[in-house]
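What follows is a single structure, written as structure tokens, with notes after it.
Letters A, B and C name the chains as they come in the text, with residue numbers starting at 1 for each one.
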Amino acid sequence: MTKLRVGVGVVAIFVLVAVFAPLLAPYGPNSQNLLNRLAGPSPAHLLGTDAAGRDVLSRLFYGARVDLPVALIAVAIPALLGTCLGLLAGWYGRFVQSAVMRTADLVLAFPVYVLVLALVAALGPGARSIIIATALVDWVIYARLVRAEVLQVKGRDYIAAARAGGLPARRILPRHILPNVLAQPLVYMMSDVVILILALSSLSFLGVGVPPPTAEWGVMIAEAEPFLRVRPWLILPPGLTIVLAGIGFSMVGDGLADRYRR
Amino acid sequence: MHRFGFLVRRALQIVPLLAVVLFVVAALVRVVPGDPARALLGLGATPARAARLDQELGVDKPLLSGYVDYASHAIQGNLGNSVKAQEPVTTLIGERVGVTAWLLFFALLFALLLALPLAILSARRRDRPLDHGIRGVSVLALSIPTFWLGLMLVSYVALPTGWFPVAGFGEGLAQHLHSIVLPALALALAIAPIQIRALRVALIRALNSDFVAAARAMGLNERRVLLRHALPNAMVSSLTLLAAQLGALLFGEVVVESAFALPGLGQAMVQAVSERDYAVVQGITLLAALLVILVNLAVDVLYALLDPRVQVR
Amino acid sequence: MVVDGVSLEVHRGECLGLVGESGAGKSLTLRAAIGLLPPGVRAVGGELRLSGAPYRASRTRGREIGMVFQEPTAALNPLMRVGELIKEGLRSRGLKGRGAERKVIGLMREAGITDPERRARSWPHELSGGQRQRVAIAMALAAEPSVLLCDEPTTALDVTVQERILELLDRLRVQRDLAIVFVTHDLAVTARVSQRLAVMYAGRVVESGPTDQLLNAPQHPYTARLLACLPLVDRKRQLLEIPGAPPDPSAYPAGCRFHPRCTHARSDCTDAPYVLDGTQPGRQSACIHWAGLQDQLERESS
């Protein structure tokens, strides 16, 4: 229980920072001061400044406005799509099931994020491409999870009773099946958000994600890379921020899993 | 021979899969908004060059015949030409595949050397402080971006100590080995947590099973019970994990190669993506998909060889 | 405390049946004797003696004591051939190589496995349930134990196969002068193999004595009820079920733990201390009203 609470707390802080970044950040994300480059922490710049003299703390705050929404949207679309397809596949056996599951097998024949990378190449770099590419690939996991759950729930007595009572599928599916199969995809969504934050920052680091000079955590690490020798601490704040966000969502996921297991 | 028949049937299953994979890879160029040749050539696009490139990428033809062309060329070992490097994609892959294979091999080796003892410790001290510690660190490690971990290793290990090269692959075996250590470590740390988690669960299940109780009842010491009875069963049941992890492993490969400037396929892929060198993107994607298919096949075969119960289907 | 105050004694060449409903603590008692308690369960006290000398369970496993499990399928490592599995049992006696192989064949033959040379190369999943249990018995015998613990070894088997395994255990007991502890919930099975019986209820032994005496004239109401549940051919009476369920280990009733379900219970049963008293030579009962029980039972059945 404490796990869930701490996790929700961490995530809430990130969300608040993202929403109120303009109020919380002492400087603008891109306000440069070329006379004060690569400075260490000081009262004016709590986490120092980067190579363009921008305030690191402010950029971290504004970064939350990029990484969190992109990761959440990129997870929400395939989660929704996959849950619906999994529901249909689990409920209507035969044709629908084999169509959905064969497609899923095919997608799984690719290494997921290499395919995302290839799609980003085709669609052009940027957050939009990453969201589209993830949606095309990631629904598979949700579809499989939900289908397996539906098959299990379908066999239970009260569902059989509802079906025997002549209740149509459009009533049974959302009312009786959906609430019972949501736990698994919900728990997975949390680790998926972690994966997406990592993937987004990785792609940005590789130069095919969010383009600089946008304040994004992966971009910040990429911008710090040339100064590893002279300012090794510069990669710490954005990296640790990503780790902290990841731990927050992981704890929410673990906490939810513990709660549903009981 | 049941087993032989099973293997043949399983191997034949990859043929249709391969056909569809080729289709998807060939169709990749089709989702490029606008004209791929112009996107690639940018301002240097003269109508003649663009037309030639369209022809090479097969986008001047209908989708299906473009696919047939790409597939038949691919089967003959022709994956098209890299526009930027001015050489066949197969040549480019050939030059770089070695580095990638090195990194994959050592990353898997390191991950296993890390995951195996930690999973055993965790499972045997279940719910004790050590187990909680190992599990906590695993969750933490899952949230660490691999490229950042790589840079951390560079700036806090390689640079201060001077023990490891910071970038590149060097010349000759000794330098190769030397320069692969940190990248492989970074990649291993990215995949080990999942391995620890899965192995731990499988080991706990095996240690609580009746056959382990029976082995203990026969008076075997804990060491033998673990190594001869519990561990083999746990490892066989977590074999499929290896295939499932391949996606994460290959993406990690791409990232780590870039972070350490290793001239492998991952670096080539990133470069091709940002330069829109579509033939290279296609070729490497195809190769990666092929690897996934083959590893899945190998895992199934291995399963059949290691677990005597798998024969019938 | 799931099981407490249980004291069992078994002699060479003798089979002791340990009977009770599931959840009575039979298997836990057995596993404590060989030091194989499941995770989360600890032995907090008690003493184990072998030929009069105290022993540590973990030291004696596979030398003096062997064990046969309920599910032969689960008890055989699926990744090892039958011959290798039995050979594992020989290791604790330091037997390896050629000699060990010959010994394996001998053990398999003794366990009644036909064509042992060929069977030794089989995988466990290729055998029938009965054959698997024979392999498990051969494994337990590999260490030449003097005590054999059997945890419902026939429950998972077909009735005809059950009988064969019981015959085998009986033969081994005589030939090897084995002391067998046979745990079962099935009185009919235990009547078939054991010379003495101990009946367990809610983590305690409530009655013990020679099998025939105990079955003919039970001295504890619980034993009587168990007997009444037996579908014997010559019995015209309707089958009885014991009303209620066995108590949960976290909330054993005070006094005699059977009293809430006992049709003979009186007011003093609720605070009766647990003492397993001698009633006749070789017989013991924990019921404080055992003396009057026989008359009551006869009155009921007439």
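The criterion applied here is as follows: a residue touches a chain if its C-beta (ideal position, glycine included) is under 8 Å from a C-beta of that chain, and two chains touch if they have at least 3 such contacts.
The model shown is predicted, which means the values in this text are computed figures rather than measured ones.
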Distance-to-centre winner among chains (Cα means, whole assembly as reference): B
Result of counting contacting C-beta pairs for A-B and B-C, higher pair: A-B
Cα-centroid distance, chain A relative to chain C, in whole angstrom: 56
Centroid distance [mean C-alpha coordinates] between chain C and chain B, Å: 53
Centre distance in Å when chain A and chain B are each reduced to the mean of their C-alpha atoms: 22
Chain A partner contacts - residues on chain B that touch it in the complex: 17, 20-21, 24-25, 28-29, 31-33, 39, 139-140, 142-148, 151-152, 154-156, 159, 166, 246-251, 254-255, 258-259, 269-270, 272-274, 276, 278, 281-282, 284-285, 288-289, 291-293, 296
Residue ranges of chain A touching chain B (in the complex, touch as defined): 105-106, 108-115, 117-125, 191, 194, 198-199, 201-202, 205-208, 218, 221, 225, 228-229, 232, 235, 238-239, 242-247, 250-251, 254
Residues of chain C defined as touching chain B within the complex: 34, 36, 38-39, 61-63, 65-67, 69-71, 74-80, 88-89, 91-92, 123, 125-126, 136, 139-140, 142-143
Of all residues in chain B, those that touch chain C in their complex: 126, 208-211, 213-220, 224, 228-229, 232-233, 236, 306-309
